[in-house]
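Going by the order they are written in, the chains are A, B and C; count residues from 1 in each one.
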Amino acid sequence: MDAELIAMQLFSGVALGAILIMVALGLSIIFGMLGVVNFAHGALFMVGAYAGLWVASLTGSFWWGLLIAPLAIGAFGMLIERVLIRPLYKRSVDDPLLLTFGLGYVLVEAVRIVFGSDGIPFSTPPELAGVADLGIGFFPIYRLFVVGVVAIILLLLWLGLEKTKFGLIVRAGAKDPQIMRVLGIDIAKVWLLVFGLGIGLTALGGVLAAPMRNVNPEMGSLVLAEAFVVTVIGGMGSLVGAVVAGLLVGVAISMTALFAPEMATIVMFALMALVLLVRPQGLFGKPGRA
Amino acid sequence: MKAPLLSVDNIGRRFGAFVALEGITASFEPNKVTAIIGPNGAGKSTFFNLLSGVLAPSAGAIRFKGRDITGTPQHRFAHLGIARSYQITNIFPELSVHENVRVAAQAFRSRYDIWRDRTGMTELDDKADAALAAVGLTGKRGETAKFLAHGQQRALEIAIALVAAPELLLLDEPTAGMGPEETKEMVALLERLAAERTILLVEHKMKMILGLSDRILVLHHGRLIADGSPQHIQADPEVRRVYLGQSDGYA
Amino acid sequence: MSASTSSIAAGMPGQAGQRGWRARLVAWRVPLSILALCLLPWLLPSKALAVNVLVYGLVAVGYNLLFGYTGLLSFGHAAFFGAGAYATGIAIGQFGVPWFAAVLLGIAVGGALAFVIGLLSIRTRGIYFSMVTLALSQLVYYTALQASSWTGGENGLRGFTVAKLDIFGWSIDFLDPVKKYYVLMVFAAAALWLVSRILNSPFGAVIEAIRENETRARACGYDVERSKLISFTLSGLICALAGTLSALHLAIVPLDILHYQTSGMIVMMTLLGGAGSFFGPFVGALAFLLMEDVVSLWTSHWQIVVGTVFILFVLFLPKGVWGTLLAWRAGR
């Protein structure tokens, strides 16, 4: 097996990991702040992909889809939080989980009604088609682009969390929601925004993934399981954990695909089982939360 | 001096870099009431969590009836003869008052049996009723626990601990959140209980502690700074220094 | 779980202020359910629907032992349901095992899988537990997809039609839907009896205590992890039995039986009927499948209706149909 092939496969793992990071980060941010596991997260990833597809076909440009779809789905996420999830905060932690599962069920069927049950191909935008020779091998330009976009988003998120007042509130609130009450911050508004942000991230993941996969109503269901695996490995509520575990899982999948293709879909679950045995709270999770 | 029921030898507990408790050495004789006091964050709850097995100490050893019990899983503690109540009321909210205590008694009879009928175990019903009578809840037997008044829920929690017939009873702020009337009733209950078992309690209400305890331990910043009779503690200059002026001190 | 009251799980036996009618309902719950199951095929529009209600009702009953009574929200029970079905199908189709032995084998395989998945997932708590059970059951799904020489992969498992059942020299025509229903019902009745037995037992009190307050149960001297694992395994065994019945009934095992959407369907049925009540899961399965049956008459997108109804239940009737009925009767 030559080094070039391995390098290419490694890179394709990073690109896959980048998408997983977007989904898992959204999941983790929402959980960290609201204590809600969003079981509709995969469905909203899928809705994001369809929204991107739809906007792109209306405007004739992938770029508008990439920009508008995450914002629109993020806003839709805020609506979900406001109408469906907020009434459940005082109840058992299981209730929002059950509700979002039902919501995912409804969203998948709604997309089937609007766009049909069959997959829709989403072609790579012409500006990003083709491959680039980086000296160590040929890499698809679109995947380089995906990794670049995710890196920029991560940088922006990091800056937003570390340097802005909103970020300060979010970080403090994730550690101890009581603090926000003491400081007189309107928690409801913060939660609304955080939920929207988390959903926006997964929708962006969906749009970015669209040209790499077939867009179909079931595409979210695999992603949800993948995002859970990433979150469990990385540690629930840990943003660093989501990034590291996302890359780890992406690379593990693509490397297994190279050496033992039939194991590719199974390897991430095996990784998760291993982490559970050795460190149930996840690589970056705090003990006690698990 | 009698053989100690419980002794801790240089125990401590860290959470990462944070030292919650360090170098505590003490032994406790049977049938005495000992109060643990200290300002908020002094390590009282951590101390209790170590003694009841919720946490394992990161240093030192715990001995109960001469046996080293360090690192024993929490659920074994009830079987050793150590029972506790919690600072925040900790009961089975949807179960009846009687069932709350009955299920606690059942832990010593049957834990995994699926072939018997639970209603047939009448001796457990009797034990539960006796524990309820001891805390004065006989009249509330059939009510759903979550509908009890706060003071009654605290009493129920003590009944849950009592039905285990523990030799050592650990009570974490048994009068937390209670008004004067409820507190008075609780103190009377504790006095009755103190006659025949060893009690350790964490409390903030000084008047109550001075009246009830044989001995007081003072924790401050995770260390034991004083240990002695109530009179001794009241006179201790260091205790006065850390304690006086604390709003939650001599309440 | 914290000590906070779960709005989902409520309305259990051994409860406070139990009135006479309620105690009688508990005492007679097994004969009553068997009676209802006997009448079911004659009350529903089709015999096939009745068998479906039987199979899914049984899965939901098994699941309810864990979710409703132990308070653990698993999203992985499709794995045990599916494992039972696959093991039975493979045993009959590829090894020519007699049907009864194949049923036992299916239960054993599903139960063993539940034990292993339980062992791993019970190391985590709360919301984490739901995610881990979902992920581990997807591992089973993808394994079955890959092992297509055994399982038939995406096409599902076929070729093990049981046309006749031989029981102590009798031969029963298993293609006759009514006879088939009653044969399967015998197994379901046995499982219902077992669940009722567990709930009446001291162990039943232990799992209820764990659902109510895990910390307290541990302080009382119960090994919470071990009790959860036992409950998880028992629950998995009953779901596995339902799986074997489903395999015998359909004579195929679709791959989707293992998908977490099936787990979700089990969760929905249990909640719709009423988690933590004995009759709830069957009521829920009946309601779910009836909705599917009726709505599919005018649209193939019945899932959007069922999903919406489910969301409304979580929001407004978290005790489910049966649980709400019980609470309403008790409140009068």
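Here, a contact is a pair of C-beta atoms (placed from the backbone, for glycine too) under 8 Å apart; a residue touches a chain by one contact, two chains touch by 3 or more.
Note that the coordinates shown come from a computational prediction; the quantities given were computed from them, not determined experimentally.
Undergrad: Shared touching chains for subunit B and subunit C?
TA: Both-contact set = empty.
Undergrad: Which chain has its C-alpha centroid at the greatest distance from the C-alpha centroid of subunit C?
TA: It is B whose centre lies farthest from that of subunit C.
Undergrad: Compute the distance, rounded to whole Å, between the mean C-alpha positions of subunit B and subunit C.
TA: Taking the average C-alpha coordinate of subunit B and of subunit C, the gap between them is 41 Å.
Undergrad: Using mean CA coordinates as chain centres, what's the gap between subunit A and subunit C in Å?
TA: Computed value for the inter-centroid distance: 32 Å.
Undergrad: Just give me the whole-number Å value for how far the CA centre of subunit A lies from that of subunit B.
TA: 46
Undergrad: Pull out every residue in subunit C that's touching 2 or more other chains.
TA: Residue numbers touching two or more other chains: 5.
Undergrad: Write out the stretch or stretches of subunit C touching subunit B in their complex.
TA: 3, 5, 9-10, 12, 14-17, 197-198, 200-206, 208-209, 212-213, 215-224, 226-227, 230
Undergrad: In their complex, what parts of subunit C are in touch with subunit A?
TA: 1, 4-8, 73, 75, 120-121, 123-128, 130-132, 134-136, 138-139, 142-143, 145-146, 259-261, 264, 267-268, 271, 301, 303-304, 306-308, 310-311, 314-315, 318
Undergrad: If you look only at subunit A, which of its residues touch subunit C in the complex?
TA: Residue list for subunit A touching subunit C: 31, 35, 37, 39, 84, 87-88, 91-95, 97-99, 101-103, 105-106, 108-110, 112-113, 221, 224-225, 228-229, 231-232, 236, 262-263, 265-266, 269-270, 272-273, 276-277, 280, 289-290.
Undergrad: Flag every residue of subunit B that touches subunit C in the complex, lowest number first.
TA: 52, 73-79, 83-84, 86, 89-97, 99, 102-104, 106-119, 121, 142-146, 160, 164
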